[in-house]
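Per-chain numbering from 1; labels A, B, C and D assigned in written order.
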Amino acid sequence: MVVLREGMCPGLDADLLRDLRAADIKTVEDVVSSDIEELAQRCSVSYKALFAIRRVLLAQHAAFPVSGADLYEELLSSTAIISTGSPSLDKLLDSGVYTGEITELSGGPGSGKSQVCFSVAVHVSLHLKQSVIFIDTTGGLSASRLLQMLRAETSDTEEQMEALQRIHVFRLFNIFSLLDCLFTLRSGRLQQACVGGGSVKAVIVDSVSAVISPLLGGKQNEGMSLMIQVAGVLKTMAKDFNVAALVTNHVTRSESGGVKPGLGVSWSHIPRTRVLLERREGGADSSLRSATLIKSSRQPCHIKAEFDLQSWSRSKEGSSGKRKLEETDS
Amino acid sequence: MTESGAQLFARLEARRCLEDIETRLFPGDGGPEHGEVVELYGSEGTGKTELLYHLLSRCVLPLGAGGLEVDVVFVDTDYSLDMLRLVSILDSRLNAARSFSSSGSDEEVLGSCLSRLLVVHCSSSSQLLLTLHFLETTLSSRPGIALLLIDSISAFYWLDRSEGGTSISKQEEKLSKCAELLGRLLRDYRITVFATCHAIRRNYSGPSSFSSSSSSSSDIDRPYLCRPWKRLVTHRLLCSRQETTNMAAPAAGSSEQKSQQVFTVHCTSSSSSKTKSYRSSSFCVTDSGVEFI
Amino acid sequence: MQCSVSSLSLSPAVKSRLTAAGFSLLSELQGLPPSQICAEAGVSQQEALQVLQAVRGSPVRIAPPLTALQLLQEEQQQRSIISFCSQLDAALGGGLPVGKTTEICGAPGVGKTQLCLQLAVDVQVPVCFGGLGGQAVFVDTEGSFLLQRVQDFAGAAVKHCSLLVEDDEQRVAMTTFNVETILSNIFLVRCHDYVELLAELHLLPDFLSEHPRVRLLVIDSMAFPFRLHFDELSQRTRLLNGLAQQFIAMASSHHIAVVITNQMTTRLRGSQSQLVPALGESWGHAPTIRLLLQWAGTQRLAVIFKSPGHPGSTVEYQINSDGFRDAVQSEQPPSKRPRTHTIQSAAGQRDSNQSAPGPRHCS
Amino acid sequence: MSTRMLKRTGLSNELCEQLKRHQIESCKDLLSLTPLEVMHAACLSYQQAIELLQSVSKVIAPPVSTALELCKQQACFSTSLPALDKLLRGGLPHGTITEVTGPSGCGKTQICLMLSVLATLPKSEGGLDSGVIYIDTECAFSAERLVEIAQSRFPDYFNCRERVLHMAGRVLLCRELTCQDVLNRLDRIEEDIISSGAGLIILDSVASVVRKEFDTTLPGNLMHRSDLLGHEASTLKYLAHQFNIPVVLTNQITTHLGGQGSEDAGFVTAALGNTWSHSVNTRLILQYVDSHQRQILIAKSPVAPFAVLNYTIEKQGICIDGDDSQETLYEGTDPGLQPIRVQTGFTYNLTTPI
């Protein structure tokens, strides 16, 4: 809702505002929903003037319809696909993480969520020469690991340092600072934040569940509302700035013993693509992980791929050892 | 408000009825008529979005390709419209139809299909209300518009709940206003509304809830939005996913089985003119969209 | 979409009043005098002031973003706490990292507390010996803090350092590095239940500000107070998730290493039972590094189960009277019989073939 | 402490009333909430909610001391067995829980009786000069045996009847035969400790009542049992720490079903499961060697290495064979799984040398 203020639109002067207040019309919604004819009489202004005000207010505050054809054209020119650095994972995701939408990685502790995030960040900063916003809520970001991954890709120190400079890190540990940060980025700071480093191509939140899960439950609705706001700002940011939003989520165990992504039913509608990462059976220190696509609008669900965390620290030549299992196409 | 005779005509006569939009979905002759509201309800991964794209593409496709060739307004509150997916569905349908008749180049036909679609994004319930007011002019100027899609009507539920404070009526105020306005638009312009609604768990018992699945599923299927909206809904499509064996063990089974993820829709129609009727149908999702089985 | 009023860290009641009065975006509140907010939204003057403060800039100020390069430099400046077990240090990339949270899980008696005590001593090793010269806070929930052991460890550490003295700086450092000062630099808190633990954790940020030399916070153990019955399971999850964020915030803003110990619990999975770390699935995400101490026959193994910076690995260790040390094959106790070798290696192999801890039954 | 009412923490009356409307009355209620719930219940902003939580925390948070301060008040309770004392660095540490586990007839109750005698001895004789609270759940306490041990172990001190009677009078016996009774007793025991000047708490045995009442094969019982044991453990820990006294428990044995291959089909180990093993600070295992000879195993101790001592039960209680140099180290394992030898003479234990 928007409160009516003097000078919001031509013709809305102090006198009229006072009259409208007297008629219990305080917000734009009130003006728009009321019967203009009756209101004009009560406030003793002309119907025409009030109608014009209504039209201007609507044009200012309503969302504007766009033709699907235009939208498609725009989308074709702006959508980018960011590689995760792992061919099998890329294939699972239909060639990578798409810009303009939220992709979620969920998995138990040590399932490689952060590693995939690091790899995406490295890929964007090194190969695409674009910036990345990395919001770290778990203290899990290790710059030396990023460097290790970069070293596997290039031996040029200069390039490595430049790539590191294009990764912008926020360390935020509670919901309000996360929201504050996201809104600041959303209101245009996103593109300014990274001068000289190319435009931002990815916003990574690792992990979104760490700040949201303490909010849920208990006798209050506030937590849900904050969660939906985080989702909303991420979605609009992804869409309007055409960046890829990559978030990580924890898992909960259902009664049957299977795992499912955390944060409940309301969150489940939010990411457009969801991937579940799991450790492969076989030793606590194995680096093999399996990924299952559990939600996607491009690929059939429940296809699986396997990838090796070690491959990101090896040099390019050595990374051919990735295996794939049970990959299915239909 | 004044309107010209032509506008009045456009308003009342020219809109196409969507009764036959998908005969396999609605019971008997119970498709949605002018001024009726269809709610697609289900939790994540139950095929709501696919079904919506199916209905959407049926509307915007040209008559020659088995479509209805009507204009559609898509109100996207979840920022969930996946244009690429929609285009791939349209493409495959157009390709299938092209084997029978040839009309214009691919790009052109696709372009004209897409130009029948108007998309509008909303980010709060008050913006939704203002936008619906704003759309009134669009509706009256474009007689081709027969369908208004809202994906999803429940997007702002939690925001409204927390903004409304402790009073229930305050919490529901905005959506009630939207519903009332929609009711008027439906009467005045004789359009049809399709809206999706996400299943939620109201009595949220935490991330690791141990509530038994049987009791929570019935709780999950119950409508929860405000009364004015409930009164508006005439058809309710309850979407669910069939728990197939390859769901429980996705590793096992061949690719043949895996593409056969089956979704079920249970339709309850209760239009004012008719008595309540039901129909269940199943479909699976392929590259070219929904296929009924 | 601009910043909305409902995202502010204000009281829910105030927020709902603001939205009811038609304020939904921050920009609408900007520049309004407090009295006008009072009048329009029906809030008290005090509340109106809070609103304006929140609008101008939330009290939880966000630090400007760092680039990963700056972060790298920061990481390289921060030293790690060495554990005196060189294999473990190597696996962790130079010791226990400062600024991160580490969880140590394991069966009873496997050496969790011993490792914590060792770290509490090691964090005090003077800077000129490659240590941190810091202090430690030890939050004891199980009553497992044992002074005699700390004295032993401290004595061994002092002895070790005195053998390394080479220059004057180190000689000077040694004059103050003795058992007594080591003990006086370990702050001990004994918490009897989860409420006391929560209370203590609320106060710790202030304590850490007052004692800037603290580089290590030990919670031994997290599991004991939280394994008791909670009326609502989700309440426990919620509290634990909140605590996890508090730990991470403390670790990174005060530059301390946070070490949390956790017990193991038996999880039934169909007919099989398995030993897994306690406190549930979502707690597993709380620590940045998860270290699993376990028995393999008569060997003790430390497994790095999760760590963003290092690949998983397994090292063997032993605990002797001096503390937590590398396992040395030649120094095995004389009582050990040759025949146990076969059993041991078989057990070792079995454990490495299976995932994490092997299935075990407990009565 | 944690059940302290919010009214007595210096909060304003208004705030207390506001919180009371949400059934938040004690410090525990408030601190069990997340900041968001506090914001909701108390109508505060995030910052204020954090401040509120901190101010309440100040009231109930335990004090911080340094290890050096602790060092100056540290004490041990000598077991009068020099070999064991040496390994345990002076005896059973005050403020912690020691568990004695073993098959029946191996001498668990003997140890408890012996420790009771020791606790009553004057400090000059190596005792604690204090009372003993002896919670007996198996009706195994024998006053005659107590006197016998006292008189044969310390013939010089207990040479007159008054001293023996005085000793016996300082052992406060509580016979509690159900779980609920034990719990109730523990909840009320603080007063008894003060009035009797107790310096030692003995619970013989913790396992018998619990195992009698909870058939763990029934669903749900296992969880209920863990809750109960957890409650007992935390109460005992609290008492041990609060009064800085040792607490001694006895436990039974159970057959551990072999799950690790077929060759070890099962062995005997301490009862009450894995979680319970975490609760005790020191675990001593008693086991048979032959009909006469027995062993003490130190299976879990924060100070002692894994060690084995041979002993016999004599008229004067437990006697460690030979001099104090006979200690043997053994390769320890998970104390929750440490095999225990029983009287049949049939040994399952492969790793323990003699």
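Convention: a residue touches a chain if its C-beta (ideal position, glycine included) is under 8 Å from a C-beta of that chain, and two chains touch if they have at least 3 such contacts.
By chain, UniProt protein names: A = DNA repair protein RAD51 homolog 4; B = RecA family profile 1 domain-containing protein; C = DNA repair protein RAD51 homolog 3; D = DNA repair protein RAD51 homolog 2.
Please read these numbers as outputs of a predicted model, since none were measured by experiment.
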Of the chain pairs A-B and A-D, which one is connected by the greater count of C-beta contacts?
A-B
Among the chains, which is located farthest from subunit B on the basis of C-alpha centroids?
D
Rounded to the nearest Å, the gap between Cα centres of subunit A and subunit B is 24
Averaged over CA atoms, how far is the centre of subunit B from the centre of subunit D? Could you give it in whole Å?
65
Counting in whole Å, what is the centre-to-centre distance of subunit A and subunit D, each centre being its mean C-alpha position?
53
Determine the centre-to-centre distance between subunit C and subunit D, using the mean Cα coordinates as centres, and give it in whole Å.
28
Could you say which residues in subunit B touch two or more other chains, in rising order?
123, 126, 159, 162-163, 205-210
When you check subunit D against every other chain, which residues touch at least two of them?
34, 39-40, 46
Identify all positions of subunit A at which a residue touches two or more other chains, and write them in rising order.
1-2, 29, 176, 213-214, 216-218, 220, 222, 225-226, 229, 232, 236, 250, 252-253, 262
In contact (per the touch rule at the top): chain pairs:
A-B, A-C, A-D, B-C, C-D
Residue positions on subunit B within touch of subunit A in the complex are 43-45, 49, 60, 73-74, 78-80, 82-87, 111-123, 126-127, 129-131, 133-135, 138, 152, 155-156, 158-159, 161-163, 177, 181, 198-201, 204-210, 212-213, 220, 246-248, 250-251, 254-255, 258-259, 261, 285-286
Within their complex, subunit D touches subunit A through residues 22, 33-34, 36-37, 39-41, 46
List of subunit B residues in touch with subunit C within their complex
123-124, 126, 159, 162-166, 170, 205-210
Looking at the complex, which residues from subunit D come into contact with subunit C?
1-2, 27-28, 31-32, 34-35, 39-40, 42-48, 50, 53-54, 56-58, 60-68, 70-71, 74, 89-90, 93, 95-97, 216, 226-227, 230-231, 234, 237-238, 240-241, 254-261, 269, 271-275, 277-279, 281, 283, 299-300, 302-303, 305, 328-337, 350-351, 353
Of subunit C, residues touching subunit D in the complex
9-14, 50, 54, 59-60, 107-110, 113-114, 137-138, 142-152, 180, 182-193, 195-196, 198-200, 202-203, 206-207, 221, 223-225, 227-229, 235, 238-239, 242, 263-266, 273, 275, 295, 297-298, 320-321, 333-337, 340, 343, 350, 358-363
